[in-house]
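Here come two complexes built around subunit A, the first alongside subunit B, the second alongside subunit C.
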Partner chain A sequence: MHFSHIFKSRINVLSVAFALFLAFFSLNAAAQALPDTTVKAENHTKIVAEEAKEKKFDITAYILHHIADSHGFHMWGEGENSVSISLPIILWTDNGLVTFMSGDFHHDSEGKHVVEKNGQRFVNHHEKIYYASATANEHGEFVEVGAKHKVANLAPLDFSITKNVFTLIFSGVILVILFVNVARSYAKRKGKSPKGFQSLIEPVILFIRDDIAIPNLGAKHEAYMPYLLTIFFFIWFNNILGMVPFFPGGANLTGNINLTFVLAVLTYIITTVKANKHYWKHIFWMPGVPVPMKIFLAPLEFLGTLTKPVALMIRLFANITAGHILVLALLCLIFVFKSIFIAPVSVVFVVFISMIELLVGFIQAFIFTVLTALFIGLAVQEHGEH
Partner chain B sequence: MDLFNPSIGLIVWSTIVFLLLFFILAKFAWKPVMVAIKEREQFIDDSLNKAELANQEMARLTAQNEDLMKQARAERDEILKEAKKLKDNIVNEAKTSAHTEGAKLIEKARIEIENQKKAALAELKGQVSTLSLDIAERVLRSQLDDKAKQQDLVTSLLKDVELN
Partner chain C sequence: MVVGSIAAVGAGLAAVGAGIGIGKIGGSALESVARQPEAASKIQTMMLIAAAFVEAVALFAVVVSFLGNNPTA
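Let's turn to the complex of A and B:
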C-alpha cells in the first residue's frame, strides 16, 4: 500500500502499543472475574455486606464508573459531600420534553433520590435515567432490579448534556476558536512563513495532506481534506483531553463506543455515497472470476464494506478505553495493596503509561484518518488495483 | 457491559456537534488555510523557478562577458600587432628614404664639389698660364739683355722640344 512507509518508522512504537493492548486484555480479563464474587458475598450477608462493600474496594466497578459517561462532572469528595459540576438533563418523556439540572439528584446514582418534574418522577440509577417506581425496594432504590442487575423500569429518551456531551461541545468550541484563529493568521501573514500556533499546526496539516490524503486519494484529495483534517484534529484533541484527569478533561469521549460509532458511520456514508461504478462492480459482480464465484463473493464483499467501519469504530474505542483502564488499574494498585508505599510505584507507572497514551492518542487519530482516507480512496479511485 | 451500551443521546449529540464542527471548520478554517498553503507553495515554487532562471541568465551573461573580453583582448592584440608592423614599416621606409635622400645629397654635393674643383682648376690653369707668361716675360726680359744668354736659351729650349 501507499502508506506503508509511514508505518515503518513507527513500527517500534506500534509494537509497544500492541504489547500494552495485550496487557490491557489480560488485566481486564482478571478484573472481569471479580463481580461474581461480590454478588455472592451480597447474597450471603446483606447488611454486613453493605458495610463490607464500603471497605472492600471493587476495582471493576470503580474503573468502569470512571470510564463511563455520567450526568454531572464529579470533582472531588464522596456521596453527599462530593462536589460536582451540575449539567443539564434533557429527557424526551411520554409527556414531552423535561429538563432539569443533574444537581437535583443530590449526587445520587443509586436510584435512591427521586426528582419530580412535570408530574413525572425520575431516578438516576448508575447514570441512566429511569421513571421512578412508586415505592422503594429493600435497598431504598426506586427501581425494580431483576436478575443480573437488570432494571425493569421504563426509561425516557435521554438527550442530556452528559459529561461526554459537554466535552464534545467544549472540544468543538476550542477547535473552532483555535483553527479559525489559525486561518486568520494565514490571512494576516499572507505568503509569509507560519508563526506561533500556526507553525505548530501547519506541519500536521501538511503531514495529513502529503502522507495521508495524497497517497490514498491522489488528485481527488482536495475535496476530502476538510473531512480528514476535522476528523484527525477532533480525535487527537479529544484523546489528549481525555488524558487530563480533571475538569474540563476527564471524560472518556473517544473511548466511548457511541462517538466512535458516529465517526465510523460518517466515514461509511462518505465512502458509500462517493463510491463509483467501479467500486460497486468489484463488490457485487467481481470481474475476472467465474459466475458462481461472483455470486458467492458478492455477499462476502458486501459484508467487507460493513466490517471496515466497524473495525474503525472498535479500534479507536478499544485503544482509548484500554489506556484509561490501564491508568486507573495502576492507580488502583494503591487501594488493592492498601499501602501508601505502593503510591510511588503506581505514579511512576501511570506517568509512563500516560506518556505512551499521549503517543497512542496521536497514533489512533492518525490511523483513523489514514483508514478513512484509504476507504474513501478505494471507493473513488478510477482504476482498481488487481 | 456498560461500555457497549448504546446511548441515543450521545449519538445524536455527537452527530450534530461533529457535523457542525466539520462545516464550520471546513468553511472558516480549512478552506482559507489550504488555499493559503497552496498559494504559498505555488509562490515558493515560482520563486525557486525564477531564481533558477536568474541563475542561468547570470551564468549565460558571465559566459557572454568572458567571450566578449576574450574577443576584445584578441582584437587589441591584433591591433597592437598591426600598429607595430605599421610602425616598423614607417621607420624602415623613413630609413631607406633618408638613406637614398642622403646619398642623393651627397652625390649632388660631390658633383658640385667636382664642378667647383674643375672650375677652380680651370681658373687656376688660366692664372698659372698668365703667371707663367708674366714670369717668362720677366725672365726673358732680364735674360735677353745679353745676347749670348739669348742664344743659350734658345738652344736649350729647342733641345727640350725635340719634336716629341
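Let's turn to the complex of A and C:
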C-alpha cells in the first residue's frame, strides 16, 4: 500500500476545503425562523387556506422546481421545517451593492418573506429577487403579479452565488486540484509508469487524443488538446456530479442552458478565430458553383456556422435536463398513485435510468468534444485534404 | 375527460421518430455484428454515438414541446 500517502493527502485537502466551505456558508436550521413573525402572522391564515387548496400533488411544478437553479442547497424537509445550506445573495441595487445570506428568506421562495437591507426591501419570488411591494397581495406575496403570472416589481441585478454558481466553482476547484496533481506527477515521473490517480486518468486522456483529436485535427491536434480535455472532463464531471442526489452534487449544472451556451460560444469563438481563408472562402464564395448560386449560398453557409454551436448547446442541455426529468418523474409515480406498493417498482426504474444517465453523461461529454474537434478541424484543415 | 395539451402530442411524435431511428441503428448494428463478430466493440461504440445523435434530435423536440407547454400563457 505505498499509494496510501497520496490518498491520505488528497482526503486531507478535500476535508479542509469542505470545512472551510461549511464555515463560510453557515448551515441554517429551522430553529432560526422563530423571531420576526410579525409580517408572517398577518398572512398566516391566508397561507393556511391556500395550502389546503394546493393539496393535490403537482408533478410539473415539483420537477421544474428541482431542475431549476436556486438560492440555496436544499437538504431535507418541507417548507418552514426544511434544512438547507444558505448561499450568499449579491445584489447590485439602485443604492449600490447589497449582500446577505439566502437563509434570511427563511426558505421562502413565494415572495412572502421580506428581507430589509440598506433601507431596501427584497423578496424571493420563485428564486428571483425583486424589490418588495409596500403591502402584500391577496396571496400574502409582496409582489405585484399581473396577467400571465408576470411579476410587475422591479428587480435588482442579481450576481448571487446560486446553487449552479457554487457547483461551477466547486467542480472547477476539484478539477484544478486533480489535474494539477496529475500534471505534476507527469513532470516528476517522466518516462516512468503512471501512478495513483494518474493511471486512472491516462487512458481517458489517450482516448481523447487518439480517438477524438488526431482523426479530426490531424497534425494540428497538439494546440487544441488543452481545450478538448478541459471541456471533456468539465462536462463529464458535472454530468456525474448532477446525478449525485445530495449536497455537493444535485445541481443541474450541465442541464442549464446558460452554461451550455457559454461552452458552445467558446467553441464558436475558437472555430471562428482559428479558421483559415479556405474556410471563409467556402462560406462566402463557394468555389465550383455559378455566381448566382454563390450569392445564394453565402447567407445559408453563414447561418450554418451559427447553427452548429446552437445544436451543441441544445443537445447537451436537453439530454441532461431530460435525464433529470425522467428520474424525478419516475420518483413522482409514488406520490401520484399514493401507494407504498408502487415504491419498489419506482425505485428499481430510477436506479435503472440513473445507470443509463451515467452512460449518457459520458456519451454527451464525448459527443460535445468530438463535435468541437470536428468543427475546429473543418475550420483549420488545409485545402485539398477533402 | 382527457386532460393534456398539444405539446404532449408533440413529445409523443418525437418519441416515434426517435424510436424508428434508434431501432434502425440497433438493427443494423446487430446485423453487422452477426456478420463480423470480431468488430463488435467498434460497432457498439459507433452505434452508441449514432443513437445519441438520434436521441438528441428527439430531445430538441421535447424541449420545444416544453416551451410550447407554457402553463402561464
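Here, the second predicted complex is superposed on the first by the 330 of 386 C-alpha atoms of A that agree within 3 Å, B and C clash if a C-alpha of one lies under 4 Å from a C-alpha of the other, contacts with A are read in each partner's own complex, and residues count from 1 in each chain.
Here is the rule we use: a residue touches a chain if its C-beta (ideal position, glycine included) is under 8 Å from a C-beta of that chain, and two chains touch if they have at least 3 such contacts.
None of the values given here were measured: they were computed from a predicted structure.
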item: Contacts of A:I283 with subunit B and subunit C, given as first, second, both or neither; value: neither
item: Partner chain in contact with A:F261 - subunit B first, subunit C second, else both or neither; value: first
item: Contacts of A:F234 with subunit B and subunit C, given as first, second, both or neither; value: first
item: Winner by number of subunit A residues touched, once subunit B and subunit C are compared; value: B
item: Contacts of A:A187 with subunit B and subunit C, given as first, second, both or neither; value: first
item: Partner chain in contact with A:I367 - subunit B first, subunit C second, else both or neither; value: second
item: Partner chain in contact with A:V165 - subunit B first, subunit C second, else both or neither; value: first
item: First, second, both or neither for A:I205, with subunit B first and subunit C second; value: first
item: First, second, both or neither for A:L330, with subunit B first and subunit C second; value: neither
item: Overlapping contact positions on subunit A, where the subunit C interface meets the subunit B interface; value: 321
item: Touching residues (chain side subunit C, partner subunit A) in the complex; value: 48-49, 52-53, 55-56, 59-60, 62-63, 71-73
item: Interfacial residue positions of subunit A with respect to subunit C in the complex; value: 60, 148-150, 311, 314-315, 317-319, 321-322, 359-360, 363-364, 366-367, 370
item: Residue ranges of subunit B touching subunit A (in the complex, touch as defined); value: 1-4, 6-15, 17-22, 24-26, 28-34, 36-37, 39-40, 43
item: Partner subunit B, residues of subunit A touching it in the complex; value: 64, 67-69, 90, 126, 157-162, 164-165, 168-169, 172, 175-176, 179-180, 182-183, 186-187, 190-192, 202, 205-206, 209, 222, 225-227, 229-230, 234, 256-259, 261-263, 266, 321
